[in-house]
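Consider the two complexes below, in which subunit A is the common component and subunit B and subunit C are the respective partners.
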Partner chain A sequence: MTAALGYRRMVGRRWIVLALLAVLLAAAVIGDVVTGASRLGAWDLLSVLISPDTAPAAVRVIVWDVRLPLAVMAVLVGVSLALAGAEMQTVLNNPLASPFTLGVSSAAALGAALAIVLEQGLPWLPAGWLVPGNAFVFAFGAMMLLQFMSQLRGAGVDALVLFGIALVFAFNALVALLQFIATETALQQLVFWSMGSLSRTTWPAIALLAGALALCIPFSARATWKLTALRLGEDRARSFGVDVVALRRGALVRVALLAGLSVAFVGTIGFVGLVAPHAARLMVGEDHRFFLPAAALCGALLLSLASLAAKAIVPGVVVPVGIVTALVGVPVFVLLVFGRGRSA
Partner chain B sequence: MSMRTAMVTRRRALALSALAVASPSLVRAQEPIRVTDYLGREVRLARPARRIVLAQGRHLAVLNLLHPEPVSLVAGWADDMLIGAVSESRAYVRRFPQTARIPVIGRSAQTLHLEPVLALEPDLVVMSGGAGARADVMTSLPLVRGLEAAGVPVAAIDFFYDPLANTVVSLRTLGRLIGRERQAAALIALHEAGIARVRTAIADAPTPRPTVMMHAHAGGTPCCNSPGRGTFDGFIRLAGGHNIGADVLSGATGSLSLEHLLTVDPDVYVATGGSYNGRGGVMLGADVDEAEARASLKQVIHGQKLDALAAVKNGRAHGIWHGCNDSPAHVMAIEALAKWIQPGRTNDLDPTRTLTTLNEKFAAVPLEGTYWTSLGSA
Partner chain C sequence: MRALGVENVAIAYGRRSVIGGLTLAPMRPGTLTALIGPNGAGKSTLLRALAGLLPSRGRILLGDSDLSRMSLAERARHVAYMPQGLPQGVQLTVLETLIGALKASPPVSGALSAEQAAERGLALLERLGVADLALSPLDRLSGGQRQLAALAQALVHQPEVLLLDEPTSALDLHFQLSVMGLVRDLVATAGLVGVIVLHDLGLVARFADRVVVLNDGALEADDTPQLTFTAPLLARVYGVTGRVERCSRGGLLVLADEPLPGYRG
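Let's turn to the complex of A and B:
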């Protein structure tokens, strides 16, 4: 009787955490949208949204091509990277697993570098899509390679993580090689790409990433209890009837899609995929019904705040959001870790 | 002394003096050359350099303005120009096919190694100065130390970091080192006259000056790379404009946000371009025709969502060849900028005339292509 009550209380508390995160995220997104280099306030924004035809062209461009797409992309990329990181940490049973630490970002960087430096890419892509197209193909390919390794007999989860780390080093070396032979302009382009920036965002890119999320989330939702079971150990999960291999395969495909697309569109943004899941775990625990949405909300919140901060640091100048993510994320993370230390 | 030896000696002396009368420069050429480069380092050569290693390949474009056979002087080079200025390189290869066979010893001064440079047995190595370069820093570079220890003279020139201060002395240095003082002096005169014309034209221009957005390498990266307080900033100021990048960027270059650009809404918009091999960007430089340049400018402005800028609507959006940021040919770019920024005061400026003079009187490989363009009124 008391156990059931305790459980219900715990679930209630987790719902409250999720609701709080959602409210914070909404505030951060609104803050992100109303902040910018111009003095355009909330009221001007609303009037442009309500009657776009009466607004001056420059204001229209600022709202529709700068503020809104960047704010939306920050949320989508935050959600995607955090979900990818959360599922990776669970299926690989490793707290350091993330798209960044296991080679997705490095692979994407290699793809982008090939497009930028050697102008080599998929032949049927239009010019503007060459770099993201290449980045995605490489990121997806790297995850599929990890996937393939995970199915080899005898390759344990730890071997997989080590293999991912080896991939990071291999891709980084190849990127460095390309940087070495690149022209100054190509090098500048590549360095800028790898710092991660939301300013590349276009509406078609947003539509693609939103589509991928819509495709992946139902599968993640269906897998939540299996993922929770997996946290108890692989053998225990098997005893519940969970097909661990299939579960891992599904998760890695989702990770490849979400992380690959995110990195392709905004470049390297580390930290979110690693830290958002940890923050979520500290707040709601291991139950994936709460853990996954909390991680997604944390990722979106982190990237929205980073996007806001990127605009506030030097007015008029774009500070690449990849740099800011870590600067914003580290204090948040340290606070969380210390907070847990006290309550434990 | 036998009669025969005396005759020979006298004959040789006669021949030598006849030679000296006929060609005083030949005798002078035998005197050692001593010149002080822009860093204040003294460079000595026994005779004009004929086997030069260019630590920055793009400096071939400077030799091109000083010598009728520029490629014949180059014993080895970094391949930054071959890779980065593709259509310019093609023009050189067309005129001097051996351009394609110059030994490549690296990509830039940072990647040059002593041994391959020494293996070419150069009689001069030309280095490009760095930002805030100083003589002691240059001399302490391992490459330069090694070259000097091996007895290979090293000279530094700069048309990139502080072109307005260093162009004249760099031209004088290089002209002297290759025995082309007179052509260097003529080029310096052209340069100084051009700069003086611009200064005179905008001397009494009112302040505040028109605001200028210089969109560096427009199109390749998200909007908008801009010079800060370096590179093109000096050109813009000289041409009577105010570089909006310098207000917010403290470094030499940086990135302005699209929103900032749309909010400041500068009076003049100038994109820089080059040959980007279809990587997107404003097509300018050798072998580019006017229509192609203008079409690419239009496309970049549209693609970067800059149509709403007043400068674009008012026909004050232009494109300029980025390559002039490392060449004394920048004088024509400054004239073009001045005409765009201060249209009422600059009627006697004629960048096309400067380009024609450069081609007729100086360039071994003429600059044939489109080096600036304007969008025209929308």
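Let's turn to the complex of A and C:
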């Protein structure tokens, strides 16, 4: 077999992996929508989606107002966090980088805590948006702070990662301080917020996150080759003509937007941004044309499965999805790593 | 076929000057120039400045054009740089790294499709005699194979200038000779301006056409290895007593005997 043919087959295999992930995701989303307290079949779902007017009102309300927004949000948040994690791991050249490990989630938690405990927030936001608005501003601000640090003289990528970790501790301490002074109700609200839950989803929130993704994805797509080249080291990428500083700046802005919005709407869901890129890397390698979409699909799949499991574990109770994500994600991740170890 | 000129080049890290006002006779196409000197002499710094990775004052000329005025992308079409070692844990095959290098900064001929880039990468690997490594993941290569893959990444833009930073460090004897032989042949047949940082004076004597000796950021000597390597130079630059002998086949043997007391580098 010639190398050219071998390469074409390798690319073909990767397309198949992406297609399989998409099929699995579709199945997981359908499973997610039909699972819940009231029984609903795939047929009910189909009829509501095709002709909402003829479907029974109760089914219509369950599907459109409860199940579908949650399922769609799970996909969008999964895609956003996974993309953010994948780009972060590449531009910071660190396999442990993720929105969760470098302070975005902690910053969002601090923003949310300020809104919940002190009822302080952005003055022009309507009351219902106070918590997510604050969380987003803090998450975005934290990423911009990292960005600013990266432009200081002599601050290398490693310094940036260390600074991100320092941010996590600083924000966590401030959140703990707010918890200490919080009233019982506020404390309960804050703890529940930080567990990560899809149940706060609204259609406007979905539209906002979908819009952010639509804005970011073309830029990510344009950067795929440069990101691939950056895996060979910063000096080498620059010698290929890649403006690494601009590449990193662009990626971190996308990360700030996507991770900031996700965390603002659903709270801290930590594991997706870290594990989805690793799973994608094991499946399709690091040609970012395949790596980024595979990471996004893995993130969406993981969160959809978690959302499904959150409803199925205890009948009648929806466990916060942030808890389930880690419980579902860890075994999957361990299996992937060990599977890889055996095949190597 | 253009020569590489270094005119009054000064490089500093912040306020600390590493190279101050260095001028070199033009490095001609088809010749391999070795940059040598003790640790901290400024060899790698000069190489990185030639690659455009460090800001420098003065002029770095390729023919008549001033490289220091070009953007990084424009410069990448003329100058290739191979840093020391490839990073670990990269999940890319050798061919994918070449496609990535080509697509990251499209060549002057215009944007290549991924398939065209793959063809070009494969042709290069065949020329280097390592086509069988095309689909091997970087992480499964031996040290020597990794250096050949890195060399291919540097050559894939078909540069006029090839800058290599210690390509033989950490290689066994076989690969030291094969990598150096390959570099010398590529430089000669493609008419490249080759500049290489090396520590092994034996390899310099055998493969380089010209040797530039840097000491503490200044030019110490600049000539052929035969005329440059002398016992006094070894003492002055490296702080060792040594001998330079001609072996029975005509090559130079550089032998270091003892470190000189009182040498501070």
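The rule is short, and it goes like this: the second predicted complex is superposed on the first by the 334 of 344 C-alpha atoms of A that agree within 3 Å, B and C clash if a C-alpha of one lies under 4 Å from a C-alpha of the other, contacts with A are read in each partner's own complex, and residues count from 1 in each chain.
By definition in this document, a contact is a pair of C-beta atoms (placed from the backbone, for glycine too) under 8 Å apart; a residue touches a chain by one contact, two chains touch by 3 or more.
Here the structure is a predicted model, which is why all the values come from computation and not from measurement.
In the superposition on chain A, A:S38 contacts subunit B only, with no contact to subunit C. In the superposed pair of complexes, A:A57 makes contact with subunit B only, with no contact to subunit C.
Once the two complexes are laid over each other on the shared chain, residue contacts for A:H278 go to neither subunit B nor subunit C. Of the two partner chains, neither subunit B nor subunit C is touched by A:R14. Of the two partner chains, subunit B is the only one touched by A:F192; subunit C is not. Contacts of A:R254 after superposition on the shared chain: neither subunit B nor subunit C is touched. No residue of subunit A contacts both subunit B in one complex and subunit C in the other.
Taken in their complex, subunit A has these residues touching subunit B: 36-40, 56-58, 60-62, 65-67, 116, 119, 127-128, 180-181, 183-186, 188-189, 192-193, 197, 199-200, 311, 314-318.
Across the interface of their complex, subunit A is touched by residues 14, 48, 51-53, 71-77, 79-83, 86-87, 89-93, 95-97, 99-101, 103-105, 114, 118-119, 122, 125, 131-132, 134-135, 137, 150, 153-154, 157 of subunit C. Residues 80, 83-84, 107-108, 111, 217, 220-223, 225, 247-249, 254-260, 262-265, 274, 276-280, 303, 305, 307-309 of subunit B are the ones that touch subunit A when the two sit in their complex. Touching subunit C in their complex are the following residues of subunit A: 3-4, 6-7, 10, 93, 95, 153, 225-226, 228-229, 231-233, 235-243, 281-282, 285-287, 289.
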